[in-house]
Amino acid sequence: MTTAAFLSLLQGAGVTLVLSGAGIALGVPLGLLLGLIRWGRVPVLSPIVMVYVSLLRSTPAVTLCLLIFFAIPTMGIDIGPWTASVLTLGLNTAAFNCEIWRSGLNNFSPDQLEAARSFGMTPALRFRRIIFPQLWRACLPGLVNEMTLLIKSSPAIAVVGVVEITRAATRIGAQTYDPLPPMLVATGIYIVLIVVFVGLQRLTERLYGQAGAAA
Amino acid sequence: MTRDFGVVWEHADRLVEGLLNTIILTLVGASLALLIGSLVAILLMSSSRPVRLISQGIVDLMRCIPFLMLAYLAYYGLPSLGLNLDNWTAGLFAIVVYNTAYMAEIMRSIWIGLGRESIEAATAFGFRGPRLYTRIIFPQIFLAASPMIGNQLIQIIKDTAFLTIIAVPELTHAASSIQSQYFVPFAAFIAAVLIYWALCMLVEAGVFVVERLAEVRR
Amino acid sequence: ATLAEIKARGYMIVATEDDYKPFEFMEDGKPTGFDNELLAEFRKTVPFEIRQEVIPWTGLLAGVSTGKYDVAVTAAMITKERVKSLDFSMPIADSTHYYAKRKGDDSIKEIKDLAGKTVGVQAGSAQLEKLPELEAMLAKTGGKLGKVVQYTSYPEAYQDLALKRVDFVVNTIINLRSLTKDKPDTFEIGQAVSGQTVPAWAVAKGNTELLALINSFMAEQRKSGNILKLQEKWLGQAFPDLPETYQP
Amino acid sequence: MVEHVGSTNPECVLDIRGLTKSFGTNVVLDGVSLTVERGKTVCLLGPSGSGKSTLLRCVNFLEKPDQGSIYLSGRRIGMREGGVIPMSTSELAQARARIGMVFQHFNLWPHLTVLQNLIEAPIHVQRRSRDEVVAEAEMLLERVGLTDKKDVFPNRLSGGQKQRVGIARALAMKPELLLFDEPTSALDPELVGEVVAVMKTLAEGGSTMLVVTHEMGFARETANEVVLMDGGRVVEKGQPSEFFTNPKTDRARQFLQRYVSA
Amino acid sequence: MVEHVGSTNPECVLDIRGLTKSFGTNVVLDGVSLTVERGKTVCLLGPSGSGKSTLLRCVNFLEKPDQGSIYLSGRRIGMREGGVIPMSTSELAQARARIGMVFQHFNLWPHLTVLQNLIEAPIHVQRRSRDEVVAEAEMLLERVGLTDKKDVFPNRLSGGQKQRVGIARALAMKPELLLFDEPTSALDPELVGEVVAVMKTLAEGGSTMLVVTHEMGFARETANEVVLMDGGRVVEKGQPSEFFTNPKTDRARQFLQRYVSA
């Protein structure tokens, strides 16, 4: 493999990182919002979220991306490949994150909530001061798991012409008729990217491990 | 659009064939991943530190490799080591190895929270080895982990779609072949999504049933 | 968009592929190949800007038919199914189908040897549609078509041919020539397995004015002989006798 | 009985009138009336399932009563004046902040240190100044003998220490009324003493307390009044000296029996 | 002290000799010797942390003792005869099946119904026939008064009911010895009585029992012998009548004090 080819893979890695990061930044809070709606059994919205989660979890990312990129513009909203990619990754991961947040909320100690209620905390204050500081720690392994899956599913967005790692590798393979070496290098890059996320998770767990244990 | 769906309908037999292959891959892959994942979970919970660290390392590595790459390497990479698997074997191999890691990690996380009490009682009553696992520990893990195992089963169903790259004729393969051959851009994919959705709802229904079972015991 | 709309907004969007050597592929991050050089010529003749999107085959024709892109600047084979929703320009090459085999594979010497052997093609491709023609040829000598393995793209199919997982791959002569030029020690080209097939650029069905503009450019290129030079350079052979129009 | 409006006795901190509460068909509280005067300690006794916890939870409206009214220092809780319109969540939150509650299982917030547990609600609910609250919290920790545990997380404390933090946390709100729900029954016999001692000093220091407990020793020595509940009703009320030595009802005699044998 | 081999008294079901156990530098058992004769009930008393639970856990080898030996009906536990080679896990499992254990927190198996909890170990560990075991389990459930809860999951039971199931589960193994670790201390005062009653009938029915408890009433009325532990040692042993009215050591007097005030 030539240096130029390697550089193009690195460039692809940058694209993967930026788009995955944006997808995570969209999907994690959105998932929390959806999870709260389900947890709080908000009338009307809750069943809608349920269907959303079911449908999006089962839609392959490639399909979702094609639909967003080609179908939404026919409704008169113009959408670029980057926007479509971020939407694809974010909307998809939000569905999975909704379930992760929800199971965290379901397992949240009713005793502590009751204490907070009896101390006069309003729902918003309870969420901000009591629930969330503990919830994110409990959900972190699940969320990071999902982040790794998101990065891995990101090659799907190549269908709209975004050149991320896998696409860059494919291009090199198509030029040289020898797809294996670029694929191997790409795999190495993925491992490096994802190890960073998993490592950050481990680090956070260790930092907060002691305070996070149940009383 | 209706014409497009007509075209898809005409070739429904190809979708059905793809669907069957997807189901076979999912069933075989998921069963093996659950089975081997249980064994790996035992290693992850081993009292021996080296065993724990090594199995943890392998599980983490699998979670870092994209599934697509794993499938690709199993199919195109292993031959250079002299191991020439056909696309079905390579695909299944990738599904099993990859999901075993996730399943094992899921079961470990539940196992940790299981509480020592019931396991200690079992030991005190003379349970050990395989019986301790099959009678006391894993039934409780499966009851508690059903939502997460369900999540992973859905991942397996969707992972099978990646096997199209190594020419395993599953559902997505059939859909994309219909779409580009007869040029029905959305209809074929929408049909595929609906079929995938139906499959995932089967999984969700299963999770629902197990969750009810768990709830009466909780 | 129609020609009027394109002129009004000042630019046209074309879509090309990135892994379809020798027609379009990426070299050091830049699109190159036959179609890209032809596109460069086209750029010189039009009074508006041309924006280029480089995307995988999967979404390409869908993008043109939904109006996301105006022209598919790629070697899209003209087939019965495609003319239902797309309009094709003058053919840009002749891409009759041949088979390629492993170099030195003596079990395949002529068409009839292909009977019962495993074949690799791209899923949903025009090539796949040509297989019935091969089946008919084999039937004449009492043979049958063997197992068909479909790939998402050709590089994987070639890889499997080298690994002996398939016995031959069917693709256009142009693609195969490019392959054997790069890997002369591994692959070798056999005989034609179909009648004449031609690729062309495509626009959305009914976008007649735009098609006319493209066709007049193509006619120009044929007249000046420029297109023959490009064919010689990229496809390894000039095709001076291409038809004006082609009915699949 | 006609419901009279407002409290007739200005010394009445808590005034519960005709409280009724059912879960489904299960009538858990069946017309309970009860008052607690300023500075007094009332002990609520009764067998399991008699509705003691439910009564406490109704007082700060963690459960919504079906009928009846509750007045805290003369002001209605849960309902706006008149008793028809329910309070908004923010009004309810402010009302709850006037009542301190101590739980059987402590219910400390595990992500906050001991000191942070104490100052959390005063700062964020009562919006008092941080400096003032911290100074006060430190005094409270001294009072329950936990100054050295200030910056420790709850999981590092023993049960008795946790409960003392729980009490200090309730006190930090400067509540008009303190509710205790079996504060010692999750503790090892060893550790009960330290918590009871703190509660005694509170009672003697003039706090107004309503205490559900199984600690007969505490009730006998510290309570100003003892209330026995059974099946959602108050079956006997009285001075502890009276109640323990000379119970008026059969039910009370029967109930006390159990504690004599131990 | 020279370790003698085998039991000298054939009536001795449990014979513990010079048991020592440390966790790190913390010496939890410091040379404990103790015997329980067939059909007798021995109560083990002592403050929190004195090593009572650890002693019980050593008896069925849930903890491995550092030194000393344990004999069950004359057969060494945890070690093969000679005391050098440890038992294999399967030998250990068979030995454990001869001892029934009742836990403070019941430790029922939550995924199994009450009946399934009872028959699980007899069928899968002792490999007895299912029909026989079920018939017996139903009799046991009748004995602890829970026939109607047969097909219910443990989470639907009150604490007292759970513990009665825990006892029946231990009995279903037909153990030679029953160990109880504070079987009533996780129960509401209400519910203690029903469990103590079941234990009394067992003791009177001739079961051999070693009971760690804080229930002085049970110890006084039912035990054949009372053993007081402190700091990992046995500090006093004796008949309950002696022990409770006229303790010989200061430590015992001090210990009993705490229970008088309650």
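The chains carry the letters A, B, C, D and E, assigned in the order they are written, with residues numbered from 1 in each.
Here is the rule we go by: a residue touches a chain if its C-beta (ideal position, glycine included) is under 8 Å from a C-beta of that chain, and two chains touch if they have at least 3 such contacts.
As the structure is a prediction and not an experimental result, all values here were calculated from the model.
Annotation of chain C and chain E: jointly contacted by B, touch as defined at the top. Chain copies chain D and chain E are related through a rotation whose angle, from the C-alpha fit, is 175° to the nearest 5. Mean C-alpha position of chain A lies 38 Å from that of chain C.
Chain A and chain D, compared by their mean Cα positions, are separated by 46 Å. The geometric centre of chain B is 52 Å away from that of chain D, both derived from CA atoms.
Spacing of chain C relative to chain D, judged by their CA centroids, is 82 angstrom.
With touch defined as above, residues shared between interfaces to two or more other chains in chain A number as follows: 62, 66, 70-71, 179-180.
The multi-chain contact residues of chain B, meaning those touching 2 or more other chains, are 76, 185-186. With touch defined as above, chain E holds no residue shared between interfaces to two or more other chains. Counting only pairs that meet the touch rule, the chains in contact are A-B, A-C, A-D, B-C, B-E, D-E. Interface residues of chain E, counted against chain B in their complex, comprise 60, 62, 89-90, 92-97, 99, 101, 103, 105-111, 120-121, 124-126, 153-155, 169, 173. Residues of chain E touching chain D in their complex: 47-48, 185, 188-191, 193, 214-217, 258-259, 261-262. Residues 117-118, 120-129, 131, 135-136, 139-140, 143, 216-218 of chain B are the ones touching chain E in the complex. Residues of chain A that touch chain D in their complex: 109, 111-112, 114-123, 125, 129-130, 133-134, 137, 210-215.
Touching chain B in their complex are the following residues of chain A: 54-55, 57-60, 62-63, 66-67, 70-71, 96, 99, 103, 141-142, 145, 148-149, 151-152, 155, 166, 179-180, 183-184, 186-187, 190-191, 194-195, 198.
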